[in-house]
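Below is one structure; the comments refer to it alone.
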């Protein structure tokens, strides 16, 4: 039976990690620092590992002051608990970016994957405007079980990679760009309209979503259904 | 080396199915019936199986008149060649819809998956407004390796399923609805913003994209990398 | 006859609460702190209770300095006068949220309802991604006369609740989310396109509008027309 | 326990009308005429009354040919079964339109309400550009329990009525207009942003949604909770 | 012949006020304070009166420090030179707002009109949600040659006034509102789609544009063509 | 007192032309041919002249069959009654277009103005891409009391004319164009953002609105207020 | 001096081809067949060659019936006069498409360029999803003075080509695609946001615009300024 | 062979300037100051000149503190290295703006062009609302090989210039404006829909893109292909 801990402002699903094999996650924006701390402590009490996403520097600082044992990565804004055991996942996921500015979204995916126990192979700044940079990496990328492609601006990276490999591709549109990028609409639409096969898309800057889906796929791969 | 057949208006990749294990596909809209026929004949000549998507009734009729041995399904608008051998894929994919009107997109996914050799389990009209219809099916859905959820209107089906199963979920927003559905924008945005984990999204009405991605995942599962 | 007090920058309707049984309300944004204070004092002079919405911390601080007897709730940004008598309303309204970050909009509704004299039953963080949290609460929710559902991201909460209860449902899309949530457009569209029956929608983050409509419905219920 | 009839392409909820006191409804678009007929026959078999919305002339003609005993109203595109008993609802609902062209949406609401057993009072072509037409009717409108206001173009009717009555107002934006009305976006946004209190909004042209919500409110009013 | 003064970053039209009877105007945003000062000084040198719009507090402060003889109104952000003679214009223009928060846009119009020499009659906070406030003023409004109506939110004020008077109406959508007002898109669309006759629209918050057009109309009225 | 004739589906304002000096107008879209005929006959009975806008060829044909004495202009889709006396208006209005394809919108304005008794001076195909065509006409355009500028595509005509004349300019964005013109959004936005002074905007393709506003201005000019 | 022929509905610039070295062009949509014929005849009378764009089959048929000596290409919808002499232009322009369905836009560019006297090198169906098709052609493409890249869907072709060649690239977004391609918005935004250098963009499906700009560049190249 | 330097977060193309004759460029936003410094130092080490775009004041200050020999222009936000030799380009490019506020975008183009070795002729504040300012400059503008036109608001400058000159025109929409300019969408759409021939468009505020394309065209002009 599902065990729920009710904090009033939040209902924590304590049996979820047992049930699905995946640790808990917390979306940090819109929570006060006090709420966030209370949620983390509730999981710590049960020794359940937990991952926080899009955690602001202010929130992280508050948690540090309260001496809650979590690690904060300012690039990806990922918060990861230092308690609880996490199972390993068999498989390797290539995480690629079009440019340097796409790295925060990519690292959100990479850190999520690593938290959930799989291996990440990073290929950053391999965008389509300088194709030789990507072609130089294509053999390595082909070795991955799944490819995650984060790109802003015209968002073409995923299409090109999906045409060069036979692995499933998860595309992350990023808000990198200006003007008619409209905070990521341009790469989002480009990725949804890809003429390449075998690709799907997550929300703008949603590295976490891409990472957690990749882990679900790996977990499914490991089963004998 | 890649073998390309150049018809002038189209460059056909004849070695692709050898290379990636997946048959060829043709996007039918915007092609004249004559162009479509020529493309199909070129593949038939090489005995390469081929799938056509979003084929209009007019195009299908033209092909029938020309006696090109293809099968046309008017619901999904899928065209499948009757020549060439296609390998089987191990795995089962649940294809669900919110309502009856979402069936064309779902069938595009289902027929694509069946063409590429995997098993489909259909669950149609299980939308969230009548949750007991979905809950009655949830055990069956949980047996699938991957779930595809096609829904128009508010597009909530994928989120609810992703919370009830631990399989990867591919969401297809459909253009079913009117007014502020804006031809599928409403479910597209809803799916991109899902608070559920383990889901990604394809283009509006892109059943083919969902199906072919599901097959890529199954193919990856079958490898020993 | 309608009694209007003209402050130049604002025309106050002093007979409205007599006429309709509902106290006055003031939309705070775009008013200078001085204008807001003058409006409140004009109502205080007549001993007419008044509710302020979306009041900024700066405005509230100014009022405190001027020692105007109002109560300010920073979560909901609701300002309520401490003068004047307010009638009770018979009925109970369930206020639900998808997540913790939707609480400010929900509290705007709840505090509005309480100001106007009805009872509120809060159910926070019961979003559709973890359906068991909602199902655990559904019997309580069914006891309400009206349900208010505040949700951001994919905004599916209202649809699911409207399918589980026979009470009228008022949906509040919230600006919670990022990327393709477009500051609340995603849940707004989802809610407008709900396939569930018996639901209507207010503006993004408009907890006040939902609350005041719920009170109108309760007031209508109490009449013998 | 919920009784569901599974037609494959549709799962019919046969116990719903018993459970909630409201007859079934069918959204006709996107269903083939054959599917629609099969759904209606399944309800007829159980003697459950059923309402169809947005039924096309082609669908209606097909049903007539098959001699299925339903009534079709071409203005509202409402289909209503001639079988099964329907309870009466106590209460009166004013249905108003800004112009003549808004009548189809208004009639969808009115016919829905009448099908579910409540009384409708129609006030058509009372838009704000000629305020005296509305003011001449305002005393009659004030007698209603609930007001439904359908308007296209600038969509101001609901705001003005909500300021003139103390009943709850349900606003229907219509697709009437051209150019920058964008098929109903203009009145939809206007209604969502109404500065009047006590109003909520349904989808563009969704007369059915407004009608069914009004009936839910009346049903709630009739209860002793 | 046209006399142009070239400052490099700006080309000033020094003969314009002679030619058209209307003083010069300067759009302040995007200009550095130094550029703005240089432009003003160039006009002062020629004793040509000049009006500045959307001037920031920072720019105004810089000008004050440089002791350039201009008057700054922080509500309307209008800057008006204290040099040069300006002709009077015969006629009266009613400037109305829906609410208190629309006053900055309305004052931009009013101050522009007064600078160019016509009379303004202000009617603020007469929005359609409380129609009696507007009806109490309608006789005064009918005395104006032209009516300017500034409103945010649902932007219905102009439509109602245009139906109550036979003067030309210039509507200013304002960015007042939140959520689905989309920074003024809601009232802009509402005003463009007005079913009332005799109204036209300027840009969001463009009080200056409304004011200057009103003056053009008065000037035309005064001619004997 | 206002005399209203109630046809059920429409409420006709019979005393309006007496009150405001302007004949009645009917927006034809969304009305059945029977409704349109009944409205026209009601005005004919009272000998009140009436103008119809955006009348379809089918509606016009129906009226011709019923032998209702109206004149139909297929270019502008204007319907004008052949009964009732209409006063003359003193003044001349220049109606300009960017290209040939903008003529329908321009003629809607021109025919409206002529129906209401003022003089029109047409200048068609004088768009900004070939400026000499416009400059060759500028002296004639300057003689008008008011200028109406209809343009699609980039919609720059109004800005350029407003800079060349001192008359008030009413801009009509037209739906002429393709691709990123988005059915008239491009010229609508361009006109709203004009850097020229003295211009306002009506809805896309709203020649009628521009014409009727121009007549209001001329009528105001003729008064001695 | 500029010689203009005034047809009332159109003002023809007869000296333009002398002045700029480029023949006349006519945008056909929105013109009646009679207007189009009259325009062509006026040019024929002066023996001035003329190109028509986006000419419908109906217009072309009318011209054929009137025996006006023009050639019509149904793929590109280009109409070219068979009279008048046209100068040659030195240079070669590569015209590429992502897929077969982009050919109409590409042919509009190609036929425009050929009409104005330059050489075209076609490379069709070389989209980025199958990069080897493009790489096989890259040496030929590099020989062109200018590259035109027409692509729908994700519109990445231009970016990749601009990275592979040092010629100026003109990108044409096409309306090929469905769902979230939004009639060409997706490739338009992608192209505007290209991270590749040396590319600019024309309107959706504006092959003519790309072609005529390419010719302007070649003409400029040929000059000794 | 291409020489790539891999910094992990960036892959630098060191042989590009040799290969294409154009120095390197770096898009600064989204890079940390440390990353930017490391990239610049890597190019300095190889004595390869490099241009940075959209560099923030904070980034520039960091580089100054680190004593990296670059020049920073705060108006255009262009960063240019003081090392390495750059070839000259034959040709002159006119850079025009509609207003003073468009100068930053124009200077981004101008400084880019000057960095790559061509001559710039500046014409600022020559917008279409005061046409005589532009006409006074047109002879000078006609002498340029290429014209760049930067304009916000209605963005008509490019269309008018393209009609007055026979040079290729590159249009830069700028984010100058407010309200319905939507951060540059208005001029972007206007420019894409220009009825003038020979113009193409770059991203909003993308002066760099316009400048680098102009240089590509000049480089192509200088070749003997």
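Residue numbering begins at 1 within each chain, and the chains themselves are lettered A, B, C, D, E, F, G and H in the order written.
By definition in this document, contacts are C-beta pairs under 8 Å (C-beta built on N, C-alpha and C of every residue); 3 or more make two chains touch, one makes a residue touch a chain.
What you are looking at is a predicted structure, and each value in this text was computed from that prediction instead of being measured.
Common neighbours of chain G and chain H under the contact rule above are A, F. Shared contact partners of chain C and chain H, listed by label, are A, E. Farthest from chain D in terms of Cα centroid separation is H.
Taking each chain's centre as the mean of its C-alpha atoms, the one that lies farthest from the centre of chain C is G.
It takes 180 degrees of rotation, in steps of 5, to superpose the Cα atoms of chain A onto those of chain G. A separation of 56 Å divides the Cα centre of chain B from that of chain E.
Centroids built from CA atoms put chain G at 50 Å from chain D.
Centroids built from CA atoms put chain E at 35 Å from chain C. Contacts with at least two other chains are made by residues 27, 99, 130, 179-181, 185, 188, 192-193, 195, 197, 203-204 of chain A. Every pair of chains meeting the contact definition is listed here: A-B, A-C, A-G, A-H, B-C, B-D, B-G, C-D, C-E, D-E, D-F, E-F, E-H, F-G, F-H, G-H. By the touch rule above, chain D contacts chain C in their complex via residues 20-22, 25, 27, 92, 143, 145-146, 166-168, 170, 188, 192-193, 195, 197-204, 209-210, 212-213, 216-217, 219-221, 225. The part of chain C that touches chain A in the complex is made up of residues 99-103, 124-126, 130, 132-133, 136, 176, 178-181.
Those residues of chain D lying in contact with chain E across their complex are 98-99, 127-131, 152-156, 159-160, 162-164, 177, 179-182, 185-187, 189-197.
Those residues of chain G that touch chain F in the complex are listed here as 2, 4, 8-11, 13, 16, 27, 29-31, 35, 54, 173, 175, 183-185, 188, 203-206.
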